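Shared between the two complexes below is subunit A, which has subunit B as its partner in the first and subunit C in the second.
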Partner chain A sequence: MAINFLHPYYEVLRNYDKCITCRACERQCINEVHTYLPDSSRMVCDDGKCVNCHRCVSLCPTRALKIVRSGNTYKENVNWSGRIIDEVYRQASSGGVLLSSMGNPENYPIYFDKILLNASQVTNPSIDPLREPMETKISLGAKPTDIERDENDCVKNNLPPQINLSMPVMFSAMSYGSISYNAHESLARAAEELGVLYNTGEGGLHEDFYRYGKNTIVQVASGRFGVHAQYLNSGVAIEIKMGQGAKPGIGGHLPGAKIIGDISRTRMIPEGSDAISPAPHHDIYSIEDLRQLVYSLKEVTDYKKPVIVKIAAVHNVAAIASGIARSGADIISIDGFRGGTGAAPTRIRDNVGIPIELALASVDARLRNENIRDNIAVVVGGSIRSSADVVKAIALGADCTYIATSALLALGCHLCRSCHTGKCNWGIATQVPELVKRLNPDIGYKRLVNLLTAWQHEIKEMMGGMGINSIESLKGNRLMLRGVGLNEKELEILGIKHAGE
Partner chain B sequence: MTPKTYTPTINQKIAKKNAMIPHITKNKETYTQKEGQIRIPSGCAISGIINKSGKSMSGEAIIKSISVMRDRSNGLGGGFAAYGIYPEYKDYYALHIFYDTTTAKKECEEFLERHFDIINLSKIPTRKMKEITDEPLIWRYFVTPLPTKLADNQLDEREFTAKCVFRVNTKINGAYVFSSGKNMGVFKAVGYPEDVGRFYRLDEYEGYCFTAHGRYPTNTPGWWGGAHPFALLDYSVVHNGEISSYDTNRRAIEMYGYKCTLQTDTEVITYIIDYLHRKKGLNFKEVASVIAAPFWQTIEQMTPEKKEMHKYLRIMFSAQLITGPFSILVGFEGGLMALNDRLKLRSMVVGEKNDTIYISSEEAAIRIIEPNLDKIWAPKGGQPVIVHLKGGKN
Partner chain C sequence: MKRVYVNEKWCLGCHLCEYHCAFADMNEKDMARALKNVKIKPKIKIEERDGVSFAVSCRHCQEPLCVKGCITGALTRVDGVVTINRDKCVNCYTCILICPYGAISSSDDGVVQKCELCIKTVVGTPACVRGCPNGAIVFEERQ
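Here is the complex of A and B:
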């Protein structure tokens, strides 16, 4: 047998004084970390199988378990970190592409954390959201250039189709297949109760969820899984997925093992077949082709639904956005390099794309310079972690934000980044029936509602502090932002001043 | 009222010191930056009078009114807009221009000659007084766009004139057009407003509508161009407040070809009004519904037609919504609009006597000129008071 070069990253520590040998950990861990030894009546752990998902930690009734980093280290080397050495060993052993899940965890700048918000003092009053109306409602879509009047000289509603939201946050695309039925149900119900939207991702729409149509964005991606006329007409908007922040430039792959039962039917592909989404749409090799798809989708839906084009934040994102703004699309969605994924090649996830803050700032500036900002609404995602990130994104110029990782966290995800294994102990990124049922949608949806309700309160507090009582007056209000510890170039791109200026 | 011990000389000394610096940009580190180089918040007093029958009155009353609110200003800016004052030249654009130097004047006049037919030009008459010092060259031109230029540019007369004003203000160093409407004029300076009024001999003008502004900026070297009213074509705005939506409004309006060179609230509000009224064709009631939009919860309770209209206006012109405290008086050809922010975070009262409407930050400023009012009230936040001359257009 070959030598296993890899030492476990984590160690499961059990306090035997507290352990009552109830074996809950053993039942809860799909990775089979915990085993019961009948001879000695003791639980033992195989650290090598642990992904650090905290399922056992959270469910241990006596809090006997904790997971810590294993202290094992290689000889210290700044250039050859332990992680890089391990990855070489893994590839030398498997010959394969390294896979990862969820967003880029590497040590790149997080611009949201280097931006600070303003507040009113003396010359104008802050506004108390508990006493005065504080509006977070938004409308997403294109705007016409001119007003029109009817025969009575009243202004006519000549707006193209719009999406109406109670707050500038939506759940971004996660396909049925990459996440479970119960996760989808939680998102759909939460979106309905909150007055926001969730997004089907590219796996089609399960027949049970058509009833949430008023709160649904249906996605059309390069694999075209589950796309048909009824599907396209079932939501309030259609999103064309051109790219994803976690893996710009490449497609997707849902293994045949997950294409079972309902998923196969919803995706309209045979059971057990791999669902491969090509890197490009093979009918879109340039911007004019995109325009044709935009209008094909508008034809199918009788021009009643806004079309969103989702792209990954890459180097020339501003020019691409400018092209999309002239393509007939109503909304552009930009996904930053920290955005999550159910599976991506590690090298792509960790090395491709740019931060959403910079992408957003340059797109917004470019569209304004070209006087086409009204043609299109801008939605940003790719690591919106809190209400403060939402406020900063809006002030930088976004119309709305997309969240997914924080939504999954609300459902119990512990960011163990093992979605690609399909063995999610929390019942989120899995299709194993006994795991899926661990996520109770009645509880899950409520936690999502709680999360966004809390964020909405916080957004109102921050707006009130700035003396702004409508989110519309925060949009692109960059004077409300200041940078800390940013260089001139970064400030220039973000279009903000440094703190103290 | 002003405390008796108060002496304006300290502020005036500061103003004087700074006004002596012709091009502050060159000495950015050493001296206070002026409007346009930095955003300067300010508190203020405003007052306005309009006679609905179009009957002329002298500027005396408005000076008296604004002087009551002296403690709402700090001597760093005052000004007036007067409508109906140039009946003999009513078909010509009256350009009021500040020049820092004779070179600027020469350059600007060459520009004007290339683009306009200049019917009349003169220095604006002023009165020498110790309270107002360091005045720039102040000139007035009555002009009409050259028909060939209009045809070449495929622009209507007003758009052409507005564009020329932007050109002068952004391209010609030391020249600043501060008034550009027909049959109206803006008169402003660094100083207390009542002094500014006397300096410009406002009492010798006769018009149907006057607005006035006393400024309380928190930080300015006292540049004459930075005083209010701010005007473009026949729209003039005096404003009391500090808006929180400034950068949203600015970035949106700049997309439509406006240049916010002063970085003041009043400037951006004027452009928004020009954009909505002149360019988009909204009437003033609709303009008010955009900039001080009713809350969504109010809209939900409206009749279906009104609901539809307000929803539309809010979505269509979301970037022209103005939040934060303001009370504004918008003068325009044939009328006046008064408007508060939707929470009414600034004081504003309206008085009425026969055909004359008085609007001011404080009731005292109305009572001083008309003690026996037919009625007086404080309009609610977001509810415009729009006065049109009888027989005038909307």
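Here is the complex of A and C:
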């Protein structure tokens, strides 16, 4: 047998004083880390198989388990970190592209954490949201710039189609296939109860979920999986996915092993065939081409539904957004480099794209300078982690935010970043029936509703503190923001002052 | 009347209900101390085969055969809950043989044991229901 160069990252520590050998850990670990030894009536662990998903830790009734870094180190080297050495070993052994899941975990700046919010003191008094009305509703879509009148001089209703939301948060695109049926059901039911939207992702819409149409965004991506006229008309908006924050410039690949039963039918491809989304849309090579697709989709939906164009935050994002604002799209959604994914090449995920905060600020500024800001609403995603991030994004100029990683966390995800293995112990990023059933949507949707209800309370509190009683008054209100520890250039791009100024 | 119902669709076969059931009876605060090195005899049991699993415990039947068959009157139905009087039980196993669900079992105490909806132990929701991680066991009113 060849030498295994890799030492386990994690060590499963079992407190044998607490372990009652109920074997729940063994039964719940799809990676087969835990084994029961009948001879000695003891549980043992194979640390090398552990992905640190915490399923066993969370289910252990006596809290006998914890997972720690194994602590095994190479000779210290700032340049050649343990992770980099391990990756070389892995590639030398496999010859393959390294795969990763979820968002970029590397040590790049998190601008949301370097931005602080304002609060009123003495003048312009703060507002108590428990006692006074506070508005978090938003209406997403292009806004008319001119007042038009008919022959009788009456004002014409020239408002393009809008989406109405109870709060400026939506669940972003995760396809049926990349996540499970139960995860989709949880998202759909939560969106319905909350009065927000969830997004089908590029895998089509399962027939059971058409009834959540009023809370659905249907996506059209480069693979065009599951796209047909009824699908396009089933939601309240259509999203054209040009790019994804976790893997800008890259398509998608759902392995044939996951294309089974309902997923094959929903995607309209044969069972067992790989679902490969090309990197570009093969019919879009310019803004004019994009415009054609935007209008094709509007045509098929009778101009009643707004069209969203989703792009990854990349270097020329402001210029790209300016083009999209002229393409006839109603909404642009920008996905930052921290955005999650079910699988992406590690090098792409960790090295391509730019932070959403900078992308948002520059897009908003560019659209304003060109007087086309009203042509298009701006939605941002790619690691909106809390209600504070939502408030900061709105103040930086976003109309609405997209969340996905936080939603999955609410459903039980522990960010072990092994979605690409298809063996999600929490029943989220998997299609294995005995794993999928671990996510009971009755529990899942309530946790999502709880999360966003809590965020809504917090958003109201923060707005109230600033003396603002409506999300609309916060939008693009960068005077409510100050930077800490940012340099002149960063402040210039973000369009905010430094704290103390 | 509220009863314990199980839903096979959400049962993970983790067997945690069995341990919570056994623990509920012991009047102990710490599960690790209570169940360490103990071979449990729970009143709710997981049945599993070919990837299908579900928990089985007393149905608290409207017309319980076990009560009818009990030769000493140890089993009675009080406010809808089939309970056992441990002083009267002579361990004849008639109830174990007669119960169509296999919900009554022997214990180490010389009397039979069965689910009594935790009315003699913790107050409120039965321990198996509270201990189920996936909502597969519920305590609710059904017609």
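By our rule, the second predicted complex is superposed on the first by the 493 of 501 C-alpha atoms of A that agree within 3 Å, B and C clash if a C-alpha of one lies under 4 Å from a C-alpha of the other, contacts with A are read in each partner's own complex, and residues count from 1 in each chain.
Assume a contact is a pair of C-beta atoms (placed from the backbone, for glycine too) under 8 Å apart; a residue touches a chain by one contact, two chains touch by 3 or more.
Keep in mind the model is a prediction, meaning the values are calculated, not measured.
By the touch criterion stated above, A:K143 is placed in contact with subunit B alone, subunit C being left untouched. By the touch criterion defined above, A:D442 reaches subunit C but does not reach subunit B.
Applying the stated contact rule after C-alpha superposition, one finds that A:T62 touches subunit C and leaves subunit B untouched.
Contact with neither subunit B nor subunit C is seen for A:T421 once the two complexes are overlaid on the shared chain.
When the shared chain is aligned, subunit B comes close enough to touch A:I468, but subunit C does not.
In the superposition on chain A, contact of A:G476 is made with subunit B only, not with subunit C. In the superposed model, A:N371 makes contact with subunit B only, not with subunit C.
Of the two partner chains placed by the overlay, only subunit C lies in contact with A:D17; subunit B stays clear of it. Subunit B makes touch with subunit A in their complex at residues 39, 41-43, 218, 241-249, 251-252, 254-256, 280-282, 286, 293, 295-297, 305, 308-309, 311-316, 318-319, 321-325, 342-343, 345. Of all residues in subunit C, those touching subunit A in their complex are 9-10, 12-16, 18-20, 31-32, 35-38, 51, 131, 133-136. Residues of subunit A that touch subunit C in their complex: 17-20, 22-24, 27-28, 41, 58-59, 61-62, 64, 433-434, 437-438, 440, 442-443. Those residues of subunit A that touch subunit B in the shared complex are 120, 123-125, 127, 132-133, 135, 137, 139, 143-144, 146-147, 149, 154-155, 157, 159, 162, 368, 371, 373-374, 397, 466-470, 472-480.
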